[in-house]
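Below: one structure in C-alpha cells.
For reference, chains read A, B, C, D and E in written order, and residue numbers begin at 1 within each chain.
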Amino acid sequence: ACGGDDDEASSGGTGADGVKGGPGITDDTITLGVMTDLTGPFKDFSTTLQAGHKMWVDEVNGKGGICNRQIKLETLDHGYKADTATIQFPDLEPKVAGFMELLGSPVIAALKTDINDKQVTTMAVSWSSELLDQPYVIIVGTTYDLEMINGLDYLLEKGDIKKGDTIGHIYQEGEYGGNGLAGAKHFAKENGIKLSEAKVTSTDTDMKAIVTKFKGEGVKAIALTTSPAQTASAATNNVGLGLNVPMVGNGPVFAPALLDTPAANALSKLYVVASAVPYTSPLPKAKELAKAFEEANPDIKPSFTVQYGYAQGLIWGQILNKACESKDLSREGINAALKASDNITTDKLVSDLDFSKPGSPSSRDVYIAQVDKGTKGGLKQVQGLKVGKDAKTYKAPHEGM
Amino acid sequence: MLLQVSDLTVRYGRTIQGLADVDVDVPEGSVTAVLGANGAGKSTLLRAISGTLPLHRGKVAQGKVSLEGRDITRLDPAEIVAAGVVQVPENRQIFGTMTVEENLRAGALIVPKDKRGPARDRVYELFPRLLERRTQRAGLLSGGEQQMLAMGRALMSSPKLLLLDEPSLGLAPKMITLIGEIISEINAAGTAVLLVEQNAAMALKVAQNVVVLEVGRLALTGTAADVKDSPELAALYLGGHGDSHESDAQSDGEAAAPRTPVARRTLSKWQG
Amino acid sequence: METFIQVVVNGLGKGAVYALLALGFVIIFKASGVLNFAHGSFVLLGGYVAFRTQEDLGFVLSAILGVATAGLGALFIERVLVARRPLADPIALALLTIGVDVILTEEIIRRIGLDIPFLGSPYDGKPVHVGEVTFFRTHLIALAVGAVLVTLFFLAFRYTGWGVAMRAQAENREAAALMGIRRGRVTGTAWVIAGVLAGVAVLFLATQDFSGSGLSRSTHAIALVAFPAAIIGGLDSTGGAILGGAIVGLTEALSAQYISFEFSKVAVYIVMLAVLIVAPSGIFGTRERTRV
Amino acid sequence: MSDETLTADPPAESASHRGSGGGGLDRATMFRWGVRLVIAILVLTPPFYFEPSWLRVGQYVMIGAVGAIGLTLLTGQAGQLSLAHPFFMFVGGTTYCVLGSEDAPGRVGFGLPSLLALFGAIAVTAALGLAFAPVSSRVRGVYLGVATLALVYVALYLGQQWSSLSGGTARGRPSPDLNLFGLHTLKAEPEITIFGTEFQREHRVYLVFALILLIAYLLAQGAVRGRPGRAWRAIRDSESAASALGVNVKRVRAEVFAISSAYAGLAGVMTVMWYRLLKPDESEFAGTYSIVVAIAFLAMILIGGLGSVGGAIAGAALVFGLPGMLTLTIGGSEMFGTSGAHAITPTIFTAFVYGAAIILVVLFEPGGLAALGRRLKMTFARTQLGSTLLSPKGS
Amino acid sequence: MATSALAVENVALSFGGVKALDQVSFSVAPGTIHALIGPNGAGKSTCFNVISGVYRADSGVVRVNGNDVTGLRPHQLATRGLGRSFQNLALSMHSTVLDNVMLARHSRTRGGFLASGVRWPAMVAEQRKHTARAVEICEFLGIERLLHAPVGGLSYGDAKRVDIARALATEPEVLLLDEPAAGMNAGETAEVAELIKVVREALDISILLVEHDMTLVMGVADRITVLDFGKVVADGTPAEVRNDPEVIRAYLGEQD
C-alpha cells in the first residue's frame, strides 16, 4: 500500500484520445471501487450483488469497454464495520474514478465527508432519502419511505386495511428503519390510520414480544422495515400467536434463503415492495440475467440483487458514456454527467431514473411481490411498476432544497 | 527410610536460590523437626516435598525427593497426596468462603466414605471450638481458630507422612501444648511427621531428630536429645539472635549485608 | 388479561433458556474463577454440528451429537489452553476465552455461509393454544429440560465431593492440591458440563419459536444476555442462576409489553443495577466478606 | 496476571536510594534520554513517510491507547473491572459535539471554542464517572464488570432516543473542528506548509493525537508511580488494610473510576474527530460504542500487561492496529477469496490473526507485553553493552 | 489522673449468636506498653477491629486521648494517630516493600492525580522527604535490603516486619500490634521485643499489643489485660496476671 502507483492513476492530464482523465482513469482502463460486506450481516445480499456487477463488467468489456477503456473493479470487504471502512477509504479512493458500490449505513455515514472532500461519485447501496442531500451519492431507485407508502397503499387498495384501523410497524434502528418509518407515518397521517411503532436493533431476532403486543392492540397489518431474520420471526409469531394479518415490507426484509427455513409457510402473507424487479420477474432482461447467473453460480441461492447489481452497472455505464462524450472522465466530469442524467434506463430492471433534481428520489415507482415458495428467488410479482396515490404526494426530507 | 531428600537445590524464578544441596531423611514413624531463622528455607523444603513449588514459581533445580524409594520429585501435588503425604501449609490457607464443616469435608476427599464420619468426630473432639463454629465461614474465624482448622483438616486423612509448617503459629500457649500432644499421638499411631517450627521448645519435646537450616543450607542434623543437651548448639541455632544467619537469597545471590544488630538501630521522631 | 398471561408465559419460556446459559457461566466461574467469554461460541458449535448432521441422523441423534460436541469442545479448550497456564490470573484466562471466541465464532459463521440453520423441528413451530393464550412447545420443553438439568446439577453439587472439590480449588489452588484434589479433573468436568448446557440451550435458541435467524451471530450474542441472569442470581449460586433467568426473562417480556421493546434490554440491566446496589453479590451470591 | 506485571516500577523518587547518587549526566541518564529520543522520532516521523490510510491506522491506535491507559489504571492498578468504556467514550464524543458546534435545527449546540469543548467533554465524563460511585464503590470484581456493561446499553438507548444531542443513529452529527489557536486540525482546507512540507489533515490529526497521547501517558505514569498509584494498588489488594492506613477507600474507588472515565471521554472525543462524525450505534454488538469495543479495551490492557501504562499502548497497537494494518496489506489481495459463500476473506483472516494473537500472548507471556519488555530489558542488561549502559553508575 | 491514650469502655459486639466482645473495658496509660492476651477466639483481634473502626461495636465507647472516636471510619482514625498492624498480613503481595510502607504516608501527604501526574515540584519534594522516612523505618526494622523486592517473595517473618514497618509509618500516637512475633523463633522474637521497647522510648507513644508469646509479653508489657470468651477476666501487672489461677487455667495451661 505504499505510494507510487496512484500517481499515474490520478494523473489529471488528458489521455491520448483527448479525454480528460482523473483518478482511476488510464488510457485503457477505468477503475471503479466496491466497498462491500462479505462477512457481516449483509453477506448474502452482497454475494449475489457482486455476481450482478460481474455480469455487467464482463458484458461491457466484451463489447470493447467504455470510452475505449476496460472496466475494472477494485473490491474491498469492510464487514459492515465503519472503522475498517474509514481506514480502507483513503487507500482505495485515489485508485478509483468512482464507487460502484458503497454498502452499509454506518459506513456511508462515516465516509460522507470524505466522499464530499474527494468529490467522488458514489453509488450507495442504501435507499434512504436522508442521503439525498449528498451531491456525490447516487441512490438507485425508490427510497425506503416511498417503498413503504407504496406498499401500504397497495394494502389499502386491496381492502386489507381501512381508515381507523391500527397497523403495527417493526423497524430497525438507524437510517434504514428511520426512513421506512417516515413513510409509514406519512401514510398513517394521510389515511387516518393508527400506527403502533416498535423499534428493534439489527441484532434482535425474537419478535415474539412485539407481535404479542400487536395482538393485544388488534393490528390489522404489520409493516416491516427489518432484516430477513426479523421478518421470519415476525411472520412465525404472526401465525403462531394466531394474529394472522397481512404483512408488507421494504425490499431488504426478504431473502430467498428464508424459504429453506421453518418460517417459509408463515411468510406467504408477506408483500415485498422494491424498486428493483423480483428475481423471477417475467421481464425479459431479468429472465436472461437469471439464466446466466444460475449457469455461472450453481451453488449460490439466487436473489433480486443479481439483477440489481447488473442494473447498477448499467447506470454507471450511462454516466460514464455521457462523461466520455464531454471528453471529461475526471471526478468533476463524472459528477457533471450524473447531474445531467434525467432519464437513465435499465431495461426496467429498476424504474427509470432521474438524477437531475437534488433532494428528490430518482424514482417513485415500485414493484410489489408476494412471497411464494414455489417461485425461484421466492418472490412472485403481484404488481408491476406503479406509484401509489400517497407516494405521489409525499415530500422527501431534502426535497425542494 | 520413609522419605529421602537428597542433594536438593531449589530456585524461585531464575535467580533466587531457596535451598542448596540439602539432604534430609525422615525415618518411618519418626518426628523430625526443621528449625531455622526466617527465610532459611524451611517452607521451601516442605513445598519441594509436597510438590507445590510450581505454585510459587519455584522449581527443583537439582536433587531428588523419594518416598519409600519411589521418586516423587516432579509429581503433581495431588499424586503426592495420594501417595500418602499431606501438608499443612504455611499461613493456614483454609478455604475462607467455605464453612468449617466443608473445610473438613475437603480434607477428607481422598478418604473412603466410611472413615469420614469418625475422622470428623475426632477433630471436633480435639478442637471443640471448631464444633461450636461448625457452620461459620472459615474466613471469619479468629487466627488461632483458623490454625486449628488447618490442622484438623489435615487430620481428616490418615497419611503416612504429615508435613507441618508452623502448626503453632498464632496459638495460645495452652493450645501449643495440645498441638504437641496431638503430634505425639498421631506419631504414636504410625504417622511420620516432618515439623517446621519456630517454637523450638515444643518442637524439641516431640521430635526425635532435628534438622537446622541456615540460608538455604543444611547447618546441622542430629537427634533432639543432642541439641537439647548442648547449650551451645541451642544458643547458636535456637535461641540466639537471628543476625548471623541471614538469607542472602533475595538479592540475586550477591552477598548481602547482615541485619544491623538491634542494639544499634534507632528511630528518631518524625518532624513533619 | 390474556395479553398479560401471554407475556408472562413468553418471559418464563425465554427465562428457562437464559437459566441454562447462566448456569454454564456460573459453573465455569465457580470451578476456575474464569469469566468465560467463549460461552457463545460453545452455543454456536453445538448448534452447528446438530444442524449439519440432522439431515442424516435425524433430530435426536444429531441433537445428542451437537450437545456432546459442545461439551467436548469446551473440554478441549480447557485441556489445551486453560490448563496450560495453572498460574495465570483468572482475568488472563478470561482474555484467552475472548481469543477462542473470536476464532471459533468467525469460523463457524464462515462455515454456515449463506445457510440459515434451524433446529428443533420435532417441537418447534407447533404452538398449543389454550383459549387466547399460546404456549410454544419449545418454551415448555425448555422449561422442563431446564428444571431437570438444573436440579440434577444442584443435587450433584450439594451431595458429592465434587462440589466441595470444585469450590475448594476455585478458592485456593495450593490448599486444594494439598487435599489431593486434581485440578484438571475438577475444572475439566466443569467445562464439559458448561459446554453441554450450552449445547442443550442452543436446541431451543436456534428454533423459529425463539429466533428468526436460526443459528447466527445473534445466537452467539444471546449468550451474553445471560450475563445479567447469572449476576442477578449471584455468580456462585445455582439456585440463583434459575431465579436470575426467570427475572431476566420476565423483565424483558414485561417491559417490552408495557414500556417499549427497545427499552426492554436496558430494563434488564437497570433491574440488575438495582439488585447490585442492594446486594452487591447478587441475590443468592455469597457476600464477599473478609476479616483482618 | 503474573506477579511481575502488577508491580509498579520502583517509584521515581526512590532513585536516590539506589546509589546512583550524583545526579549528573551519567551514562544511564543519557541512555534513557537516547531511548526517549528514538521513540519520539519513531512516533513523530510517520506523517512524512506514510500514506493517509496508514496514518489513520496510527491515529486509531492512539485513540485506543488513550482509552486503554484509563482502563489499565482502573482495572490493572485499582482492581475494578469495567466494561463501561464505550459509554464514556460516547458521552465524551457527544459532549464535545454539543459544546463545540453551533445550534442547528433539531440539534442542540453551544458553539463554544473547540478546545473548551474538549475540556468540557473530559469534565463531563469525569463527573458522570463520579456519579456512578454508588455502584463503583460498592460492587466488586466480576459483578462490577457486568454492572458497568449496563452503561453500554444505556448509551445505546440514549443515543437512539436523544437525537437532538447525538444526531440520531441515522445520520449522526458532524464533529466540530479542533481549532488549536488557529490551526484547523480537522478541516481539509487549508493545507499548511511548514519548511516545504505539506501538512495535510491526516498529518495534523496524527500529530495532535500524538500530543494528546503523550500528555495522557505522562499523567498516568506519574500518578502510577506516585501517591495515587500506591492507594490504587492498596485497595486492589486489601481494602481493610488500606483503610486502616489512612486511605479513604470509597473515595479512592470513586476517584479512580472518574479518572478512568475521563480518559475514556477523551478517547471518545478523539473517536469523533477521527470519524469527523458522531454517530450512535444501531446495535449493542457491533459499532463504535458497543460491547465489542468494551471487550477490545479489556483485551488491550491484558495483552499489554495489567496495570502497565506503556503496556496499554502496546496492547492498543495490537488490538486496534492489527486489523487495520492487515486490511491494508492484504485487503485487495488475490490470495483470499472475495466471493463465494465460504471464502476466507481478509476480514475473516484478520479476525483469526487477532484471536490467535490474544491466545498466544496469554499462553507464552501471561504477564502481557509489559512483562516481555521487562524480560528483554533484563536480558539486554546482562549483555556487555547493556550492563555498561544500564548500570546505575555507568561503570 | 492523666487521660489515658486509649480507653475502651463497655464495648460489646456479637456476630450472630457469638458474643465476641462482652462489656469489655480497659485503658492504656500514655507512654506504656499494654498487652491484650487470651485464648484463641477470645476476641482480641475483634477488639482491635473495633478500636480501629473496621467493626462497629453494638455498644460502648472508644476514646483516643480522651476524645470519643466511636464509629469513626478506619481512615479517619488513622489520621487521628491510630496505627495498626494485622494478624494475617494484609500486605500488597505484588507491590514492593517500600511501596507498602509508603502507603502509610497516604494521609500525611498531598498530591492527587494531576499533581502526581505533572510531578508538581512541591509534591515531589514532599514525597522525597516521606520516602526518606519510610526508608529510615525499614532500616530500623532491618529490612532495608528488601526495599525494592515484591512482598510476595518474602519469607513469613520478613513479611511480618514489613507489616510492622507500615504500622509505624503512619506515625501513630497509639500503636496496635496484632501478634507481631508470630512465625518468629526465639531469637527473632527477642529482637522484636527489643524493637518494641525502642519504639516506645524513641517515639514516646503508647502501644497495645496482642501476642501469644509469653516471654515477649512478660518482658515488655507494663500492664496486661486478659480476655476470655469476650470478657475481661484479669487486668494487672505482668506478675499479677502470670499468677492468676483463672489465667493459668484458661490460657497458659500447666507450665512445666
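Going forward, a residue touches a chain if its C-beta (ideal position, glycine included) is under 8 Å from a C-beta of that chain, and two chains touch if they have at least 3 such contacts.
The structure displayed is predicted, hence computed values, not measured ones.
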item: For chain A and chain D, chains touching each; value: C
item: Intersection of contact partners for chain C and chain E; value: B, D
item: Relative to chain B, chain with the most remote C-alpha centre; value: A
item: Chain nearest the overall Cα centroid; value: D
item: Of all other chains, the one whose Cα centre sits farthest from chain C; value: E
item: Chain centre separation in whole Å, for chain D relative to chain B (CA means); value: 47
item: Chain A and chain C: spacing of chain centres that average the CA atoms, whole Å; value: 38
item: Between chain B and chain A, distance of the C-alpha-averaged centres to the nearest whole Å; value: 76
item: Overlap residues in chain C, where contacts from two or more other chains coincide; value: 87, 110, 114, 217, 221, 262, 290-292
item: Shared interface positions of chain E, touching two or more other chains; value: 45, 54, 86-88, 90, 108, 153
item: Contacts with two or more other chains, residues of chain D listed in rising order; value: 3, 156, 160, 238, 240-241, 244, 284-285, 341, 343, 348
item: Which chain pairs touch, all of them; value: A-C, A-D, B-C, B-E, C-D, C-E, D-E
item: In the complex with chain E, residue positions of chain C that touch it; value: 291-292
item: In the complex, chain E residues that touch chain C; value: 45, 49, 54, 86-88, 90
item: Contacting residues of chain C [partner chain D, same complex]; value: 29, 35, 37, 81, 84-85, 87-89, 91-96, 98-103, 106-107, 110-111, 113-114, 217, 221, 224, 227-228, 230-231, 235, 262-263, 265-266, 269-270, 272-273, 276-277, 280-282, 285, 288, 290-292
item: Chain C partner contacts - residues on chain A that touch it in the complex; value: 39, 41, 43-44, 47, 173, 198-201, 203-210, 212-213, 215-216, 227-236, 240-242, 257-258, 260-263, 300-301
item: Residues of chain B that touch chain C when the two form their complex; value: 50-52, 54-55, 57, 76-78, 81-82, 86-87, 89, 93-98, 102, 105-107, 109-110, 137, 139-140, 153, 157
